[in-house]
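There are structures below to look over.
Look at the two complexes coming up: chain A is in both, with chain B in one and chain C in the other.
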Partner chain A sequence: MHATFFILAALTIAGASAAMGLRNLIHCVLALTLGFVGLALLYLSLGAQFVGFTQILVYVGAIAILAVFAIMMTRSAGPHPQPALSAFWITGCVIAGATFAVLAWAIIRSNIATPTSAQPAVSTNQIGDALMHSFALPLEIMGLLLTAALIGAVIIAMPQNRSSK
Partner chain B sequence: MMHLPLTQTIDQIFVLSKAWIMGHVPVAFQPISSAILSVAPVLVVFPLLFAITTVLERKGLGRMQNRYGPNRVGPFGFWQPIADGIKSLTKEDVIPRTADQVVHFLAPLLLVLAAFLAYAVLPIGRNMVIANLSAGVLFFFAIGSMVELAVFMAGWSSHSKYSLLGAMRAVAQMISYEIPLVLSSIVVIMATGTLSTVAIVDAQTRYIGILPHWYVLTPWGFCGFVLFMIAATAESNRSPFDLPEGESEIIAGYYIEYSGFKFALFFLGEYLGMFATSGLAITLFLGGWSAPFSFLTWIPSYLWFFLKLLVFIAAFIWVRGTFPRLRMDQLMGFAWKFMLPMSLLNLIDAAVWHLMPHNILRWLVCIAILAIPCFLLSLNLKQRKQLQIRTYRFAE
Partner chain C sequence: MTPLTGYLLLSALLFSIGLAGALTRRNAILVLIGIELMLNAANLNFIAFWRYGPHPEALTGILFTIFSISIAAAEAAVGLGIILAVYRHHKTIDLDHINTLKG
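On to the complex of A and B.
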């Protein structure tokens, strides 16, 4: 446990909790992005360069922008006079606490041996090799799935009265 | 100190002087002082280059438009950046009353931070790179994607319709052109088999005869380089892709509500981003710091890098002075109907080049794979449009 870990963990948790607590939705997205960056930095501090940079590229560069655009296209961006806590916050807290307790109990009880080597040395090359050799078929299937999603999005966005023109 | 030939000593002078300073620093402070010694030159040199570029750009544009450009401060107006700097520091920092104060403040900082971070992986000279990451190119694009968020924050927090429109345009444009930007650089990664910028430059430092082994001198490399530069121009919001800040339509786009030094920070961030993407293009396609001919290797490596960068800046100024601004639909059509298919084809071309035997047939096949679709796609772009020389009825 280094000081870096605690700083990054605090950053991530602060971002995530601000994303839940803030009133303005755009602020929530920006706070969530801070959480994403904190997670990416945690990956980097663990030596996982590829995962860390991909996290920034995908979550900060794409997901956050997507969320922001979705919010702006669907509702006015101004602050909404709704309470920060919903009416069911006690129930929510109980459920969240129970889930956390069960997960924590399971993790503590499980006999996962602590890894002997400090860091498994996984380089970007090895990830690429694995993706292109042993996991080539899952990768292709993922590509097909994403293409299907892309075509579906285009069909939804296409004007309905195209044939009548 | 080791005894090196004079040319190598001059080439490595910054590396050697850093090692000399580090020898006089207590061990406990070595990591931090090493980081400062690596980062500080970047923080000094590139903003200085920005200052020089602003005056060069204004002079160059002035010459292209038959006027003088700045010519009052200092000899030929070359101290203009200092005057501009003092002006932007002493101006009142106006924040709109309805603006989102925190986000409005953070946006320029995030933009400049992202722009500076990108320099961490650029090899400026032999053994001169801040961080030799094994996923360096990925780092560059990841940091580049943070710029979009900064632009959006600036546009949204200003609470002005012009800045919001500008931010929307900028984000749409950056996302569209990021795909060809990344795809066109993948060919180099395919050829070298590494994401590390240092290893990519090292792979290009060999010479065949007097000609260098730069990737721009192959069909796929040339096509990739052209696509990369077009996409880089669009990414840095420069003319002819400067719709997000089109003065005649939306005044200044996402930074309309910024004044004083925050405006200067946006300006700085934009130019730093342009230099960084040019630097990546130099690293990927033009052999980084390596000399263009084998008999010129005695010139220090960092000079080559900055010479290439200056050529890029000149080209950017030239393009800005000559091309008219695109319309939004033309911009998007160009990105998705021309840039994306061409960059995908370029990937196939690089694979074909890699697999075919090394002879003249390989050149012909690879050029044909790129040239014919390029011609057909261009025809597709100009379909139903009667392009001809415009006749001006009232302005002859």
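On to the complex of A and C.
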């Protein structure tokens, strides 16, 4: 266990819990971006460079911006007189805490033998090779899914009265 | 504590934070963000098992994570589209006030 892991883990957890706990929605998304950056740095420290940069591009670059746009288009960034938490928030917290307790118990109880191997070097070349050869079918299905999601999102978000005219 | 245990515990904690947010927040956008956090926790598990697994040269963990990130992007786009449609209909995205599916 290196000090890097603890610093990055603290960064990620702080970002994630601030994203779920703050009242102002814009602050929530900014904290979420911090958590995503922490996760990307964790991927980089684990040797998965391509995934780390993809994480920054997709999550920090696209999803956080998309969430900010959605917040502004739904006018939910202003001051809220009503509480930010749902009426049954205690039940939700208990469920989440119980989930973490069960997961942590299972992880600590199982003695996972990890071979202390050297950090595997993966080049983008190898990833592209695998995507084009052994993972070609999942890649095609992913393209189909992304196309369907793109068209579906546009149709869902389109104003309804356009078709009734 | 082995490094893999540390990463798995971090991932479990991240998953629980996302679950708590998805279950307790009233704003639909934050519920979606909580679900994204849970997906990210699963991605961290994939990468950690790939790094400390017996066959890191197989690249399976990395490719699963790449596919999972693309699915998360599609899910965020569709989810935010649904939230916009719900907002146009109900004039709010407060989940405590949206209690009907009838149009």
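The rule is short, and it goes like this: the second predicted complex is superposed on the first by the 141 of 165 C-alpha atoms of A that agree within 3 Å, B and C clash if a C-alpha of one lies under 4 Å from a C-alpha of the other, contacts with A are read in each partner's own complex, and residues count from 1 in each chain.
The definition used in the following text is that contacts are C-beta pairs under 8 Å (C-beta built on N, C-alpha and C of every residue); 3 or more make two chains touch, one makes a residue touch a chain.
Bear in mind that the values here come from a model prediction, so they are computed numbers and not experimental data.
Trainee: Put the two structures on top of each other at chain A: do chain B and chain C fit, or clash?
Mentor: fit
Trainee: Answer with first, second, both or neither: which of chain B and chain C does A:62 touch in the superposed model?
Mentor: After superposing on A, A:62 lies in contact with both chain B and chain C.
Trainee: Of the partners chain B and chain C, which touch A:26 in the superposed model: first, second, both, neither?
Mentor: Once the two structures are laid over each other on A, A:26 reaches chain B alone.
Trainee: Does the superposition put A:159 against chain B (first), chain C (second), both, or neither?
Mentor: second
Trainee: Just chain B (first), just chain C (second), both, or neither: which does A:124 touch?
Mentor: Only chain B; A:124 stays clear of chain C.
Trainee: In this superposed model, does chain C or chain B come into contact with more residues of chain A?
Mentor: If we count touched residues of chain A for both partners, the winner is C.
Trainee: With both complexes overlaid on chain A, does A:54 touch chain B (first), chain C (second), both or neither?
Mentor: both
Trainee: Name the contact category of A:34: first (chain B only), second (chain C only), both, or neither.
Mentor: neither
Trainee: Quick check on the superposed pair: does A:146 touch chain B, chain C, both, or neither? Answer first, second, both or neither.
Mentor: Once the two structures are laid over each other on A, A:146 reaches chain C alone.
Trainee: Rounded to a whole Å, what is the shortest Cα gap between chain B and chain C in the overlaid structures?
Mentor: 14
Trainee: Would you please give the residues of chain A that touch chain B in one complex and also touch chain C in the other complex?
Mentor: 50, 54, 62, 69
Trainee: Help me check something: in the complex, which residues belonging to chain A touch chain C?
Mentor: It comes out as residues 1, 5, 9, 12-13, 16-17, 19-21, 25, 28-29, 32, 35-36, 39, 42-43, 46-48, 50-51, 54-55, 58-59, 62-63, 66-67, 69-71, 73-74, 76, 82-87, 89, 91-93, 95-97, 99-100, 103-104, 107-108, 112, 114-115, 117, 119-120, 122, 126-127, 130-131, 135, 138, 142, 145-146, 149-150, 152-154, 156-157, 159-160.
Trainee: Sort out for me which residues of chain C touch chain A in the complex.
Mentor: Its residues touching chain A are 1-10, 12-21, 23-27, 29-30, 32-34, 36-37, 40, 43-44, 47-48, 50-52, 54, 56-57, 59, 61-63, 65-67, 69-78, 80-85, 87-88, 93-96.
Trainee: Would you mind writing out the residues of chain B in touch with chain A in their complex?
Mentor: So the residues of chain B touching chain A come out as 100, 103, 133-135, 138-139, 141-146, 148-149, 152-153, 156, 171, 175, 178, 193-195.
Trainee: Residue numbers of chain A touching chain B in their complex, please.
Mentor: 24, 26-27, 30, 33, 49-50, 53-54, 56-57, 60-62, 64-65, 68-69, 72, 77, 123-125
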